[in-house]
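Each of the next two complexes has chain A plus one more chain, namely chain B in the first and chain C in the second.
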Partner chain A sequence: MSVWIDSLLAVLAVFLAVRCLLAPTLPQCVFLFFAFGLALALAWARLGAVDVAIAEAAIAAGFLGVLLIDALRDFAAPRTHGETAQKPHFLTQVLLGAGLVVFLYVALEAVWNVPDGGGLTALAADNLPRSGVDHPVTAVLLNYRSYDTWLEVGVVLMALLALFATGGKELFRRPVVGAVDPLLRQVILFFTPVLFLVGAFLLYLGKTEPGGAFQAAVLWGAAGILLHLGGWPVFAAMPRWTRQVLLTAGFGFFLLLGFIFMSGGSALFEYPVAYAGVLILIVETLAALSIAAALTAIFAYFNGMKAASVENEIPDPS
Partner chain B sequence: METYQIYSLASAVLFVVGLAGIFAARHFFKKIIATKIMGGGVFLCFVSFAERDALAFADPVPHAMVITGIVVAVSAAAFALALSRRIQQLTGQESFPVDE
Partner chain C sequence: MEAFFITVCLFLLLNICLGLVRVWRGPTVADRLLTTQLFGTTGMAVLIILAGYLGELTLLNVAITFNVLAILLVICLVQVWKSGAKGGEA
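Presenting the complex of A and B:
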């Protein structure tokens, strides 16, 4: 029975991916991509990876979906981009098809015959009492492999800086285009504290159950994005130094902690066993705040890109 | 057939579907989504092998790597999307020009 459910889910994911790439219009493509992300999230829940399922549904389908829909405003002009596009040469198509078939065979062969190394499950389980948390995934993320997590917080910060480089760093200040529905404003005001509380709950829950810094960060980021859409640009309204501190707090504190304990003779990011739980909670909170601020800023920037292009278009006909 | 094997086979197919999309799609937007589908295939492969190596719980190391990977992939996609929007705003182009 469960084999059937899993097979159906796998076929569904592949089907949605193919449909998404073959969709004739961009909005269809984006919504099929949402559906694909949620199918993947279900697959991960079936595989026992609840943390990954939450992260996928929240960040990859949710947050990226918001950015894609926002970008549709630039691209959704009813212009058929196929009219000027020539079909590639026949030989090119045949060679590409043949190459992909060979590659598919190699990939299937590779995943079918992957050597059985036993994995790191036993090692992770043995060290769990010394990690300061009870949930193995949180232990890996913030204790065994906190180097990866530290760099990841850095990557989000880098992505924001790279965005600022594409169109000028002041774009995130621009207000939302158009009037804001008063009903929407009230709903947003009602949901902001709820989102904040649920985020804080997920953050604390990460100690023992699936949940943690990233999931909390996305909820807090969602609150920031909603407030921005409701006409309260929280990120832009903050003083400059607050923005800088918020964005770099997670990355900076992580690094500071690593070096403090390194100077005491332990390895980088090796926490003393007695304080590990408290330290992980502090690091998680600061990392979640930083990522949430970065997500809000990325969205505000995207929104500002359209506002800037609308302003530029007005004097154009004259 | 074990559960993880179904998903690991699906992950290989997804990777190739995404790869085909990158070559075949013309629009920037679809190329970015195709890379995301490729990434989805890679993550699915990781998580399916985490399930294979499960003892009392599934192998947490691939799970943590995938969570990290999802956030990094989304950051990269956001940057790519901003670049493509900027190109569209400045030049009106929505796909790479074709050489004759």
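Presenting the complex of A and C:
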């Protein structure tokens, strides 16, 4: 009987993906992408990958949604057709196609051949008591494979640095909205603490159950974005050194910890078993704070960029 | 009981499929956004039903995450498009 749910979800996800790619207008494409995110989150939940489902729900429905809606407004104004209707380059198409085929082949190769005995699952489960946490996914992310997670925190920071490099930092200084509508003010006053608390809850839950730093970071970042939209640009209002410390704390502390224990004779990112639980919680908290600050900054940047460009350009007659 | 869970789940999923019509045709962005809100609520209901059906209560956390983030899109749409209109007039 439950095969009906699974097949409906599978058909829905693929259908939405295809529709989203082939949608003729941008708003259709963006909102079909939200629906696709929902179908994907439900599919992950049905598959039992609750961690991925939470991440998908938080990133696709929250952060990406806000970015896409913000971007949608930039493209909503009618513009001259000449710059967008460029003929696709033949060589680029061939290279992209070839790259996709190779990527698909590698992915299929990796998924098709499951090693005998379930691969590393047994090893990961055996070492769980020594990892400092009770949830296998968190153990893999923050203990066995901390190097990957550390680089992921770095990727978010790198995205922000790229934005700084292309657009300059002065855009953060401008205030966004003037007078705040009383209803909006109440909504923001209510939801900011709720977002913060749910984020903290997910962060702490990561120790024993699905949840963790990245999901918490999106919720904290959502609180920052909400405040920014309500006319309190929290990130821009902070002094420069606070912003720098906040953005680099997760990445830096992770690295520092790795080197401190390396000097004691263990491998990079190998934690002493007795303190592993506490250290992982501290690393996760700082990483979540840094990612949340970076997400808020990225949104603030895009929002500010548009405000600046609207003022500089000649306003549209429409 | 199992048949009940699955029937409700299928009904909610078919509701999402119907909502897609509005996403596809909806003349304005606001229409489409309201459908997204419907999707969020229906998705939460599906997750809660699945949590009961599979006996996995952690799925409720996914539902909570959907729930608290749903407001963000609405506020973003209202604020971003409103401030844009002001900029255009100036």
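Criterion: the second predicted complex is superposed on the first by the 268 of 318 C-alpha atoms of A that agree within 3 Å, B and C clash if a C-alpha of one lies under 4 Å from a C-alpha of the other, contacts with A are read in each partner's own complex, and residues count from 1 in each chain.
Just so it is clear, a residue touches a chain if its C-beta (ideal position, glycine included) is under 8 Å from a C-beta of that chain, and two chains touch if they have at least 3 such contacts.
For clarity, every value in this text was computed on a predicted model and none was experimentally measured.
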{"item": "Touching partner for A:247 - first (chain B), second (chain C), both, neither", "value": "neither"}
{"item": "Touching partner for A:194 - first (chain B), second (chain C), both, neither", "value": "second"}
{"item": "Chain B versus chain C as contact partner of A:2, first or second or both or neither", "value": "both"}
{"item": "Superposition-derived comparison: chain B or chain C, residues of chain A touched", "value": "B"}
{"item": "Partner chain(s) touched by A:136 [first = chain B, second = chain C, both, neither]", "value": "first"}
{"item": "Touched partner set for A:145, first chain B, second chain C, both or neither", "value": "first"}
{"item": "Chain B versus chain C as contact partner of A:279, first or second or both or neither", "value": "neither"}
{"item": "Partner chain(s) touched by A:303 [first = chain B, second = chain C, both, neither]", "value": "second"}
{"item": "Touched partner set for A:48, first chain B, second chain C, both or neither", "value": "both"}
{"item": "Where chain A meets both chain C and chain B, residue numbers", "value": "2, 46, 48"}
{"item": "Of all residues in chain B, those that touch chain A in their complex", "value": "1, 3-21, 23-30, 33-34, 36-37, 40, 43-45, 47-68, 70-79, 81-86, 88-89, 94-95, 98"}
{"item": "Residues of chain A defined as touching chain B within the complex", "value": "2-3, 6-7, 10-11, 13-14, 17-18, 20-21, 26, 29-30, 33, 36-37, 40, 43-44, 46-49, 51-52, 55-56, 59-60, 63-64, 67-68, 71, 74-75, 79, 81-82, 85-86, 96, 100, 103-104, 107-108, 110-112, 114, 116-122, 124-125, 136-137, 139-141, 144-145, 148-149, 152, 155-156, 158-159, 162-163, 166-167, 214, 291, 298, 301-302, 305, 309, 312"}
{"item": "Chain A contact footprint on chain C (complex, rising order)", "value": "2-3, 6, 9-10, 13-14, 16-17, 19-20, 23-24, 26, 29, 32-33, 35-36, 39-40, 43, 46-47, 50, 53-54, 56, 58-59, 61-62, 64-66, 68-73, 75-81, 83-84, 87-90"}
{"item": "Chain A residues touching chain C - in the complex, by the definition given at the top", "value": "1-2, 4-5, 8-9, 12, 16, 19, 27-28, 31-32, 34-35, 38-39, 41-42, 45-46, 48, 50, 53-54, 57-58, 61-62, 65-66, 69-70, 72-73, 76, 176-177, 184, 187-188, 191, 194-195, 198, 202, 205, 209-211, 215, 218-219, 222, 225-226, 229-230, 303, 306-307, 310-311, 315-316, 318"}
